[in-house]
Amino acid sequence: MSDTFAQIASSLISVARGLHARGWLLGTSGNLSAVVDRQPLSLAITPSGADKGELAAAQILLIDEHCKCIDQATLKLDNESARRVTAGASHPSQLVQEDLQLDPDDPQPELGNAQLVPGKPSDESPLHVAILKARGPGAVIHTHSVWATVLSDVHTLEGGVAIEGYEMLKGLHGVSTHLHREWIPIIDNSQDMPALANTINEVLAQYPFAHAFLLRRHGLYTWGRDLKEAKRHVEILEFLLEAAGRIRSSICGP
Amino acid sequence: MSDTFAQIASSLISVARGLHARGWLLGTSGNLSAVVDRQPLSLAITPSGADKGELAAAQILLIDEHCKCIDQATLKLDNESARRVTAGASHPSQLVQEDLQLDPDDPQPELGNAQLVPGKPSDESPLHVAILKARGPGAVIHTHSVWATVLSDVHTLEGGVAIEGYEMLKGLHGVSTHLHREWIPIIDNSQDMPALANTINEVLAQYPFAHAFLLRRHGLYTWGRDLKEAKRHVEILEFLLEAAGRIRSSICGP
Amino acid sequence: MSDTFAQIASSLISVARGLHARGWLLGTSGNLSAVVDRQPLSLAITPSGADKGELAAAQILLIDEHCKCIDQATLKLDNESARRVTAGASHPSQLVQEDLQLDPDDPQPELGNAQLVPGKPSDESPLHVAILKARGPGAVIHTHSVWATVLSDVHTLEGGVAIEGYEMLKGLHGVSTHLHREWIPIIDNSQDMPALANTINEVLAQYPFAHAFLLRRHGLYTWGRDLKEAKRHVEILEFLLEAAGRIRSSICGP
Amino acid sequence: MSDTFAQIASSLISVARGLHARGWLLGTSGNLSAVVDRQPLSLAITPSGADKGELAAAQILLIDEHCKCIDQATLKLDNESARRVTAGASHPSQLVQEDLQLDPDDPQPELGNAQLVPGKPSDESPLHVAILKARGPGAVIHTHSVWATVLSDVHTLEGGVAIEGYEMLKGLHGVSTHLHREWIPIIDNSQDMPALANTINEVLAQYPFAHAFLLRRHGLYTWGRDLKEAKRHVEILEFLLEAAGRIRSSICGP
């Protein structure tokens, strides 16, 4: 498992750096995750408060479905017993650390990229877990781009952004024609993560074919069968949102 | 032939990476090709579903005028006989593999950039071949930029975009003055590649001086005597389309 | 102290290069500083007239609270006595050089990045000192972005830009919800640095929760507990100003 | 002289690559020059038709005031006599090659960056010489940016773009306050280089304080005491033109 985790962590930081360079993860915003194990669920996820342009693999955290950190060191030391745990019936939450105390007044603790331990998983980890459980993808990426923010704002009343007729839509998994109509629901933003995770569950159930959703004035969530596909979905959706925004500006006026 | 192909493949990935960095090939969109041999026609082309920012030379495919892959390995093993084939009368389609089966539900097979074989040539290969046959260039590049998408949309009714009076036009082959008027036809997008190739043939015949065309809500196709010129045409046309779009926005209002 | 200064200087140029690449420090504009010592105050600051994309650590200057250069060479030679100065009661201004003569006709002396001595601290050093004294941060960054310039212009009459309801606001120190309303005051630009420093003092006192201010048609000033946080604030505020500007354009018209 | 020329050539390609990366020299557009000798005038200049993102120092040409190439090889072989020429009275045009024949149907000869000789100096060399003679700078840079193109178009009727009240103006040589009003004249574009050079002379005489001018629907010309200052002027003017363009869009509507 550790080798796989190391590879996934390395891929996560590589994708994160690229998206930061494009301006879609500025100011420690956004987060990325990828499934490490399905049964029981464990995922690699970016830490809270980290500069995505300077992320190191050692900062990537392994969490369980309750968003509790799984101690990599323990895993390594107990390598043998860990294998026995996986093979046997004991619950892997025995390997789980207490979650680090959240400080509501300081949502961006100054971890410093050099000061690697102990990191805290992204505050939005429950949203990643909700998506993983509802849709079963291999990776989830959440970006904060200017155009996603603009579109989530100017289309609030419609409750979503409809994108139809663009070839770029074919880059979304399972879409085979530009005639496809993608409805990207807009969900009201909230700081209550369990409540937001519930709303996301409902929206995903309501729009079973959606490849993504927007949190209002917040950003884009999308996912894919693996990190590669999730990254492709980010590029496609950010492109389409920018195009939709610019077309809107180009035909403004009475 | 193999050496030439290797050089061309290397140039293709270098140009692809640069255009991806500018945001003109996001999300595995777009494709590039360059002629390897004229008689009979063979061309190097980017594979379907590949991330253009991480393309490896080994992913570039060699296809014939029917868009069938020509097996490089066979070519190398049969190096001697291949030369004899070229020299003699036997048809090189003997060297052609069966095209890989298309899966209509999955237009972006997860090739993985590391998992190099067997790649599938771009779905739009017939469009490249159509342009090569109609105009005889040495290279064809198809980009998906935001501004090309916007312009192809807001100028649909006119059937094209007219660009006139810009110095940048002189970067198009054969144009010697900014007074030149370039008409970039807009062709309705389609998933029926043979039909689309036919339409492209008609449009190229109708506008014999056009250096490019737009597929509506899809992207830009342009070409050049060699890959260098095709890349120059991309930069010039993307620049002009962005300028046209921004001028339109700058004078909007009543 | 020298080691610390060297580390800080290295961090300053690294951050400066990144912000220059994003187009927020074009044409030698902008400046960055970080506190080296608190008691008495000394800070590392970028020199006047330097290209921030090609800045070398050796160009970073150490100044005191009067914006006078502290001679690094003297500090090194008098290492022993310097320690005695710090330990004892004598005022470190004994170590201070005469400020270099300003040439009002040439505010961007051709230092040349290779011609490292003697550099002149940024003309806006008094503004950095004013912020450091009023708010006590560890670092101050001043950028010149297109969107900050545009917003400071179109919102002049309101006296500031209100940004409310965006998740990105949580990246500002101490902000824990997107419901936060950030008021970014706009201060009239001036070439009279002592007068401008006074106005800044007044504005910072008037808006004790502000994380930043705009100089009209000039740029953004923000700060943080350390350089890392100041850089995060720059990315967040530049993002929010761009988003605010684009939303304004997207809903323009009657 | 050769060493100096080599250094200047190296600086020219470094600046050219940076400006190409920002999208201001796309598609082989634009050109850069720097003075090598004043008496008689010789300048290093970029070749016609070269991709500025892949320029090699060996492609930079040395020309005289008549835009004739000075043979570097001859200069090196005749090193001794060349010094005597400079010291003595014989005219250095003895060292000048015949200009390469222009092909009006192909203003962008496929030099290929690898195929370095014989390059042809930029078609706009006479404009560089005109500026050098009228103003005496050490370097001239001509960029093609989208915003310069847009502004030169929408302000045609006014005959120029007025930029006033921006701090960024202080980056222009000799400007010490943001209250400065910079008038950037717009000159009608032409393919008649001698005529255009004459018009430029008249405009430079009419606006003795101008730091730059725009060729309509073509691009920006600016200059500086050295290449460093010319590059700074490019960054400042491109920034100001973009800001002016975005402000215009932000306040559009009735």
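Brief remarks on what is shown
In this document, chain identifiers A, B, C and D correspond to the written order of the chains, with residue numbering beginning at 1 in each.
The criterion applied here is as follows: a residue touches a chain if its C-beta (ideal position, glycine included) is under 8 Å from a C-beta of that chain, and two chains touch if they have at least 3 such contacts.
What you see is a predicted model; the values in this text were computed from it and never measured.
Judged by shared residue numbers over all numbers used at their interface, subunit B and subunit D contact each other through mostly different positions, with under half in common.
Chains compared, subunit C against subunit D: the Cα-based superposition rotates one onto the other by 90 degrees, nearest 5.
Rounded to a whole number, the gap between the C-alpha centres of subunit A and subunit C is 33 angstrom. Measuring from the averaged C-alpha position of subunit B to that of subunit C gives a distance of 47 Å.
For subunit B, the set of residues that touch two or more other chains comprises 249, 252-254.
Residues of subunit B that touch subunit A in their complex: 23, 26-29, 51, 53, 104-108, 110, 112, 144, 146-147, 149-150, 153-154, 189, 191, 215, 217-219, 245, 248-249, 252-254. Here subunit D touches subunit C in the complex through residues 18, 22, 165-168, 170-171, 173-178, 225-226, 228-229, 231-233, 235-236, 238-239, 242-243, 246-247, 249-254, going by the rule given at the top.
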